[in-house]
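In the two assemblies presented below, subunit A is common to both, partnered first by subunit B and then by subunit C.
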Partner chain A sequence: MSLMPNNAPCTPVSAQFTLSKCMDAVMVMGNAHMAMARTNKLAVIASHCQGSHFLYPSKSWSGEDGGGNDVSSSGDGKYELLSAANNLIVEEIRNIMSKIEVTGNSTDTLLAGSLAKALCYIHRLTKELEVGQEIKSRILVVKAAEDCALQYMNFMNVIFAAQKQNILIDACVLDSDSGLLQQACDITGGLYMKIPQKVALAQYLLWVFLPDSEQRSQLVLPPPAHVDYRAACFCHRNLIEIGYVCSVCLSIFCNFSPICTTCETAFKIQLPQIVKPKKKKLKQPM
Partner chain B sequence: MDEEPERAKRWEGGYERTWEVLKEDESGSLKATVEEILYQSKRKRVIESHGQVRLGMMRHVYVVIDCSRSMEDQDLKPNRLTSTLKLMEVFVDEYFDQNPISQVGIITTKNKRAEKLTDLAGNPKKHITALKKAVDTVCVGEPSLYNSLNLAIQTLKHMPGHTSREILIILSSLTTCDPANIYELIKTLKSLKVRVSVIGLSAEVRVCTVLTRETGGSYHVILDESHFKELLMIHIKPPPASSSSECSLIRMGFPQHTIASVTDQDAKPSFSMSHLDSSSGPGLSLGGYLCPQCHATYTELPVECKVCGLTLVSAPHLARSFHHLFPLQAFVESPVENLQGDRFCQACQAELKDKSMFSCPSCHSVFCVECDLFIHESLHCCPCCIYCQTVP
Partner chain C sequence: MKLRVQLQCKNLHEYLKELSPEILDRLYNHPATCLAVYRELPSLAKNYVMRMLFLDQPLPQAAVALWVKKDSQKDHDECVSVLAGLRLWHSQQLQGGLQGYILNPVFKDNLRTALLGGGRAWADEGSTLGPDRHARDIESLDRYAMERWEIILQFMVGSPSAVSQDLAQLLVQAGLMKSEAGEAPYITSAGFQFLLLDTASQLWYFTLQYLKTAQSRGMDLVEILSFLFQLSFSSLGRDYSVEGMSESLLTFLQHLREFGLVFQRKRKSRRYYPTRLAITLAAGVASSSSSSNLASSPGTGDAGFIVVETNYRIYAYTNSELQIALVALFSEMLYRFPNVVVAQLTRESVQQAIANGITAQQVLLHWTPVLPPTITDQIRLWELERDRLQFTEGVLYNQFLSQADFEVLRDRAQGLGCLVWQDVAHRVMVVTPQGHSEVKRFWKRQRSHTI
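So, the complex of A and B:
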């Protein structure tokens, strides 16, 4: 079983709750997951405004050669895999934070790319299995930043791909509600939750998101959120209940217009039928 | 009839020496050749997209299944009929996955008659239950192409002009018993802009060749069961729209899903309108999808409101079809040696072991063969391009 926290730290949220506390909570969750069963696997991806990066497992570390110069072996008797994982994650996050500069005021994060990379990774792991073995995967997104509206189409493609592969997408939202993630969780069958108290992030992660899908049916979990599936019209970006859809490019409009602005096809307008009055037959004069 | 392109038949060609494809290497093993063949077959799966061609997104497809005596033949295991019906279930599922706002109907033909198994509907469950029940039908008599096409036309001619009208025939018999001149019917099909495609299970039949050529469809004969599946899957992609199909704005509703609990004061249980036809009896439910025009309740989407006639869909249904309209470009193949530095696939973080790698033309990131296939078949978006693309 593999689990992927997909972390989106772009802005620290408040003075009490900083990125390092958030990462601590995520690492606790990751350790708990790996400790549950020996065959559980974990991958952590950080997603920021300029790209996404695999924190664990990282390319520069191959986990199999335990050997000789293992500097990370801690003396307190902790399970080596967990301590190695923690150290790696911390190091990679430090690398990222020093490398990227936050330019401008962009507070949105490019989540669709990270989800796509996660799906490719899961796909690769599934292909590498022996015949007859199964792996059940899910993706957990811990999100503090806001949605990026430009990403709608890519996001939907990624969600449908995840649904086809039976991969659940869970979402743990720290700051503002995200409509895209609500739709993702609803379509794939995962859990969406907005955390009321951010200081207790570790608790929520362990209580709600640690059990897998079979165990969830036996627990009493937060009720599903009401998802707004109304479409936004292309002209004003308002949510509409009844709209007009172009049959060629499927763009949605709130008012009838003779030309589609996306694909520039001219539409036929149904004119009311003109009924010709019937000519009365004139009686032939005798 | 008009002149037909003369294609050389397979038996008219030269003698094929198929054993020459396999070559042994120095140690006598065939491993390299087998891997090469597998690699080529993987690459074949990434088909070229149509490009900037208008597609028929809202489709009305009638599938005609031949249930005549030749379907009891056991060359497809356990017999042709069972194998066809099973593949049809897969087809229906995939079809509604790729074309969520389209409709499918099923017609069977045997004993010189044709009858409708299911009507044109947008809900896959009805079709799948009907297909499961049809496994027990007795295959008898001869099929009738004329009657089945006629039956399909009765409904298709009333469909609005902006939809694409298609008929897919799965014909196993080499004969057909028609009450009137089928060439007249072909002319009618052409005038109604119906596209007919045929999948033959036995051999090529001339009347099918003419039928598909005149109406603009495709005609294939299967080689074995996996080829049958491939041919069926070709028909799932939306076809290019004919130049004469009208484009119009279709009025659609986007209902909200209401979940009410018993403790709400305003919540009143209601019958779902979609259960009016079903035999399982009406069920009272609290909440569901409310039609924005007449407030009738429905349990599932997409559906056409029975009260006011408005088509009800949800935004993800339309989003499912977007990847047909904005297809992903094919990636550029190049040998791995050209890459300096670390050789890692940027999507799955695996080391690049194959002899070639694929790079996206816009963002130049590098992917391995497996990721390339996965991206083109399921994801439909490049994981690294997302940072520089502005999308509608």
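So, the complex of A and C:
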């Protein structure tokens, strides 16, 4: 399972609910997932306005076997593997927070890129398995930032790639509804949920998003939301209901343009016929 | 017909259900045990436990029943019974008078500790001892573990190997070997079946047997089990310190050292390394194995492979004595070379193996997942052949002088319920030994009447 907390650095947060509380809830969820079975794997990716970053497993971590020497022990009753993971995540978040500078007032995050990274990671793990073994993967996006219409194309490509690989995309939205994520969940078969009370984030994560697809078929879960399926036009990224579609590459435009910008096919539109006035023959005076 | 003793390999839950409630509650006092028990639950039950883990008040039973869809009601009932059987949750009456469920508080606290932290450390991590000068890497640990485990298996098959008295006694008590007075122990049919299991199941079966005898040795069952689970969650390649372990735990550690579950450089070393066998111990608890590094055939230092031909010949490219002994169990050895062993599957050899208690299923699935269909069918046919004839003891009555005599006696035997078989045309019938005396008396009376 890949978790993706998606938080722009200047998102206004209420006094009770801070980034650290959100990360705590996410870590509890990650721990619960890894505790469920020995073969469960976890990856956590942070997505912010300047990029996306793997919190766990991080590059500095040498891996499961034999990497125990540089990992500090928990010193308390937590399962070793979980405490190692938690410590890593906390450290990496600190690194990120100290490194990125907040420039401007952007509230967008590079979500499509993070999703792509998650898909690549899952793909790599699937390739590394032995013959005959299978791994069922899903991606959970915890989102507090706004949707970004500029990423529409990339986003849709990522969603269709996930659908092809049978990877579920779940979404846990904290602030405002996101049409893109709703579409993602609907297409891949995941769950979309807007949390009414942010303080209870951990509970929602554990109750709704922890079960895997087999168990979800047995449990009663929140029903799917109504999805806004309007496409965004390629020229302005506005959501439109009626538009022009290029017959070659199926790109969508809100206005007619003689050349399709994606595939550069020229189109001729039939103009109304201009009737040339017939030259009247002048009658010769007799 | 000989009864086949089937090897019963209980899983963790069945074992725990047999323990008394006090022992269970003490067992749940350790986060490692709670985590191990949690992992063994059916997946729906895991979700239930996770949902209730952070609740401090009981939930109404009706509410819990609403968690599942209507089609999965059966799974829900199964989960309820599993959780109750393991004493993981109790029924408690709520304020409104309804019945509610609440998690066992000891279990809840310790599972929370395992997930979130807090509480005592499981074991001293060995950081006080400093880095080990004689540190072992993972390959040498694996080799050591496999060596030790193979020695035990070879001892069972009968090749001479150095095994301690304790261990030999344990094998006898487990029913895997039998020992006549004064002679060396030899393997039983249950032992044969044990050999054909995969390593993880073997380990688990062995551990269960050990635990049964633990109490008679004066060891504390709870302590040992907690330590075992703690081992199974440790990371491979790390050393742990023996600080703070009691006497009985230290003895247990020495036994584990002999089984190959733990590596300790010397008896008095203060640090030990868990091996891959210890870590897969918990994986052997469930029937699905996870670790791909342990081959499914009983441990071999060098990998060999087997070719089974459709003309019933087996070519085993291996040097391991154990593998060769196993092949010899159900086939006739033809030739033996330094790196190959050639054997032939014959009716007699397969039927003898089956007589020793190994089913055709085990024989087939043990070696290769893919066998020629001719071989699989033929082995099944040979197995069924043994069941073709059924022997019943009886007493034969024949040479009746007249049909009427025969019929009278036959009806009498049938009336008594001891007629096994009859042939009216030849005037022959068979009666059970128990009924024979009664029928004989009746016949004598009959004859004295007529004559």
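Just so it is clear, the second predicted complex is superposed on the first by the 214 of 286 C-alpha atoms of A that agree within 3 Å, B and C clash if a C-alpha of one lies under 4 Å from a C-alpha of the other, contacts with A are read in each partner's own complex, and residues count from 1 in each chain.
Keep this in mind: a contact is a pair of C-beta atoms (placed from the backbone, for glycine too) under 8 Å apart; a residue touches a chain by one contact, two chains touch by 3 or more.
What you are looking at is a predicted structure, and each value in this text was computed from that prediction instead of being measured.
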Which partner chains sit in contact with A:Tyr121 here, subunit B, subunit C, both or neither? Use first/second/both/neither. first
Touch test for A:Leu82: subunit B only (first), subunit C only (second), both, or neither? second
Now for A:Glu241: first (subunit B), second (subunit C), both, or neither, which partner does it touch? first
Looking at A:Met156, would you say it contacts subunit B, subunit C, both, or neither? Reply first, second, both or neither. first
The chain contacting more residues of subunit A, comparing subunit B with subunit C, is B
Subunit A residues touched by both subunit B and subunit C? none
Report the residues of subunit A in contact with subunit B in the complex, numbered from low to high. 50-51, 54, 57, 59, 110, 112-113, 116-117, 119-121, 123-124, 127, 150-154, 156-161, 164-165, 183, 187, 224, 226-232, 234, 240-253, 256-257, 260, 262, 265-268
Give every residue of subunit C touching subunit A within the complex, in rising order. 31-32, 35, 38-39, 43-44, 46-47, 50-51, 53-54, 66-69, 71-72, 75, 110, 113-122, 125, 127, 131, 137-138, 233-238, 282-283, 290, 292
Across the complex, what residues on subunit A touch subunit C? 28, 31-32, 35-39, 64-69, 73-83, 86, 130, 133, 202-203, 206-207, 210-212, 214-215, 217-220
Which residues of subunit B touch subunit A once you look at their complex with the stated criterion? 54-55, 57-58, 97, 162-163, 241, 246-257, 259, 292-293, 310, 314-316, 318-323, 325-326, 342, 344-350, 370-371, 374-375, 378-384, 386-387, 389-392
